[in-house]
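A, B, C and D are the chain letters, set down in written order, and residue numbers restart from 1 in every chain.
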Amino acid sequence: MSQKTLADLNACSKDDFVGALANIFEYSPWIAEQAASARPFAGVNQLFGAMKAAVDRAAPDLRLALIKAHPDLANKTQRAAGLTAESDFEQNSLGLDRLSDAEYEAFERVNNAYRAKFGFPYIVSVRRHTKDSVLRDFERRLPNDVKTETQKSIEEICRIAALRLDLLVASDDRLQVHGRLSTHVLDTHSGKPAAGIAVELVELSNLGVSRVVTRAVTNADGRTDQPLIGGRPVPIGRYELTFSVGSYFAQRQVPMSDPPFLDQIPLRFSVSEPEGHLHVPLLVTPWSYATYRGS
Amino acid sequence: MSQKTLADLNACSKDDFVGALANIFEYSPWIAEQAASARPFAGVNQLFGAMKAAVDRAAPDLRLALIKAHPDLANKTQRAAGLTAESDFEQNSLGLDRLSDAEYEAFERVNNAYRAKFGFPYIVSVRRHTKDSVLRDFERRLPNDVKTETQKSIEEICRIAALRLDLLVASDDRLQVHGRLSTHVLDTHSGKPAAGIAVELVELSNLGVSRVVTRAVTNADGRTDQPLIGGRPVPIGRYELTFSVGSYFAQRQVPMSDPPFLDQIPLRFSVSEPEGHLHVPLLVTPWSYATYRGS
Amino acid sequence: MSQKTLADLNACSKDDFVGALANIFEYSPWIAEQAASARPFAGVNQLFGAMKAAVDRAAPDLRLALIKAHPDLANKTQRAAGLTAESDFEQNSLGLDRLSDAEYEAFERVNNAYRAKFGFPYIVSVRRHTKDSVLRDFERRLPNDVKTETQKSIEEICRIAALRLDLLVASDDRLQVHGRLSTHVLDTHSGKPAAGIAVELVELSNLGVSRVVTRAVTNADGRTDQPLIGGRPVPIGRYELTFSVGSYFAQRQVPMSDPPFLDQIPLRFSVSEPEGHLHVPLLVTPWSYATYRGS
Amino acid sequence: MSQKTLADLNACSKDDFVGALANIFEYSPWIAEQAASARPFAGVNQLFGAMKAAVDRAAPDLRLALIKAHPDLANKTQRAAGLTAESDFEQNSLGLDRLSDAEYEAFERVNNAYRAKFGFPYIVSVRRHTKDSVLRDFERRLPNDVKTETQKSIEEICRIAALRLDLLVASDDRLQVHGRLSTHVLDTHSGKPAAGIAVELVELSNLGVSRVVTRAVTNADGRTDQPLIGGRPVPIGRYELTFSVGSYFAQRQVPMSDPPFLDQIPLRFSVSEPEGHLHVPLLVTPWSYATYRGS
């Protein structure tokens, strides 16, 4: 799955074009084939538009075949038999390759219940989700009728395809598939950005163990050098962001109680828009703090 | 250990007086005996002063005997053999009757190391502490010399005695041995106190499982009907106070993201002054919150 | 207008009763006369209820006469000729005895326009208002029809009467005619109540000069010994409350910029419920502050 | 005073070079003359360095002549006789061309007292100041001795020169002589940036009338399109920044009290670092707000 330039895709043979984009839509090279005739593309957005148009005008049975071409989530047998490289990468991003027993059972229940009702696999763009939010999404969709779920499945397939295309194709323009989660610590005791504060971002889970997403230390500007999450969708889900403020103020020899009133400050919040920019700052003294959804 | 009035203690026979107060200082009725001659007492503070004076003027060997009269913390053999009712109550208040194996071992290590160095048991007023802070206190005291620890032990014994006396004697005046932990939720989205918010106070522990201290629901004034902790010392230690704000705003049909940006808000803080009033309020909208050490 | 006890009013002759309460409703002793027959009263609320009932059951022409018995607001000729002591006190409380020329003209315009349209004076319970809010109230009421304004006038007359009765009669119960405005300064730099902060409350005016309502200094608890406004209605209107935080932090030798980022902090807010309790606290460091409508 | 490029100044004749830079230091072309020999300059910082070096190595009597070449602040006679275009622009930026009588007298007092003590005019880089801070600066400097004030005067002269050079010369590099004052309004009631809020920045004055510096309306990002002050030093002084939040929330049909608890919110703060970036944000609901010194 080595990256291609848009120029290459515009210039190469039709076979090479189709070969390169065969799995943008899982096991469905016919979509790339149809899009090929619209070459050259001015940008990756136009390329994606052409592929999506092919899906939109496809006959119902072809759309159903597209849906059925997708694997189950976290299905051990299918994983053993081999997924597409793309599916494998995506499912791993969610941690589906290292589920606890409880989680594995939860996903198996989801898949079986869904397949039993609709006759096709439950499809969701897992890179936009956490394990918790996948299960929540499933619970909301299971009561739907077939028509609604067919439509939902196509929508999710297109989201999956856009993320795959974004990874594969280098172009001057970008698909709007990335979000950002950032923070900023302002020390309102000294009136300055708080540098050197250790922060830890954890993805919370109802099912099993929570998972550390990233650790960082604030720089001279009170920010992290890199966004906490960036260059990809920010998965829908619940998070806890913890700031080690006790040691920060201790190092600055600020008078505090013993033990310090505030030491590790956890901010617990949810992400609902994977493609948005969510800013979660902390305004802090040894005796008070505040946070808000910024942007 | 039925409660006595100060009037009764002033009026009763010396034997009855000594009998009633025999275990205010663990297994040391001589202290009550000396205090008896100072009767009548104008208040419980004066009574405590007389008993403390007896301790202060006691000869070194008698003070050492007083120290040695105390049991080890969380010692299973001693517990099986029977503690004074007072010690039993106090140790249970800290949860020493239901330790995990890891905790039990930690306390045993503490006791043995301390006794090996000083020749007398490690004494601390456990009603002023959590398990974590007891272990922290031990680590700070172990490097001390014998003289310092003898003095520290007497101080802790007097704190224990004051709390026992406060429980035992009804008087118009009160010993200053109680603290208070309170909260208040202000909904700055509607500009009103937030009523009906579920709050949960948990004592955090490095060693084993955290422990729910209390659960409550805010009243029309945004406060809890009873303080979160009151009528006793607020144990030194780390706590997490969690507010269920997601369901509160959902019930008021306030527009929110899905999932809500804020749902369970945890405030993590430490208590350092068991006899003080610590107020930990929450100012909250669906998109922001603030807290501070109030009073 | 010396204060009476409810017991006295219950026990005295009918003439004395009517004499004492003759001006509770301006120049309308018939109301007290009717209420007299309902004696004895269990409390001042019951007494007020009896007087209000007399107004409520009065025939339209008597109600109109009651309305017409009231003076114009801020009318120099009437003031020179003499108002009831009660009207004089009330108008002075609003500062109607020391109007600027612009203000005097504004009130004269109001009175004349209102009287020209309705044939009776514009009546408002001035102790519940500031000059600004009186003029705003007038502008809202002038477009009304006679029926609505007759009703509004009676309502205001009853509010005036309740306040007069509250001043005159000492009783175990109280009429709910008082409000309270309070503040609290919390120094979140040191984690303690801010003592010794000078505060100044000013009533803002669109018309003329603003007026200092009160000055105070915060006590050890970060509060003022007396509420900023208490024991009377909190007049509807706009206010500015200024806190001298620069000198406070300077005295505590807290490092600051030169000149200090924050020195005099003004909080500008409106009062809308004269009988309510409005709490306007300040959470402050040398580099940040927050306020909110508390209660 | 039309702008020159650094390239032109490097390439032109020495006479043209000196002519162009003659008044960078007031009436002192000898400084440009000395600097000319160091051409070509890699950037404007290097050019300024060469001019400043000429000042630094000048003999005491030449430095004194440089000081004495400067006009008094706000001296009507001198203004009538004509200042350099540069001095005129600078003094006008402070509003010295439109002083009230009280202000005029205050400045005259300053000038006379200073000149009487030191024998040379009081010099300050007025573009870095407000009228208030000039008078405060004067009061601090008047008690100094001649040596200190000679040094201070040279420092201020160099600051003035840097600002003049920054205006005159276009170069790829910039002198660090500009600061920035910015704001941001976050509506924590809706969790979004507050668009369409009118803001007004006023320079406060102890002496006379306060002066509106700028008015703006927040954009979709809750910021102003241009910084409140930018592209120049942010004058040391006291400011009030007012936000019209009442009409903003009213337009969004947010339930409020009548009159609204918050309508015009004033933030009063001081600027102490003219070359720094001062960010003064507002977090606001109809019932609460917070601000802090950001960056």
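Just so we're on the same page, a contact is a pair of C-beta atoms (placed from the backbone, for glycine too) under 8 Å apart; a residue touches a chain by one contact, two chains touch by 3 or more.
As the structure is a prediction and not an experimental result, all values here were calculated from the model.
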Intersection of the contact lists for subunit A and subunit B: C, D
Interface numbering overlap (same over half, different under half) for subunit A and subunit C: same
Chain separated most widely from subunit A, comparing mean CA positions: C
Chain pair repeating A-B, as identified from A-D, B-D or C-D when over half of the contact pairs by residue number coincide: C-D
Contact-richer chain pair (by C-beta pairs counted) among B-C and C-D: C-D
Separation of mean Cα positions, subunit C and subunit A [Å, integer]: 59
Inter-chain centre distance, subunit C versus subunit D - centres from mean C-alpha coordinates, in Å: 47
Residues of subunit D engaged with two or more neighbouring chains: 188, 191, 257, 261, 283, 287-288, 290, 292-293
Of subunit C, residues touching subunit A in the complex: 188-191, 255, 257, 261, 283, 285-288, 290
Residues on subunit B engaged by subunit A in the complex (per definition of touch): 133, 136, 236-238, 257-266, 268-270, 272-273, 287-293
Subunit A contact footprint on subunit D (complex, rising order): 186, 188, 191-193, 221, 283, 290, 292-295
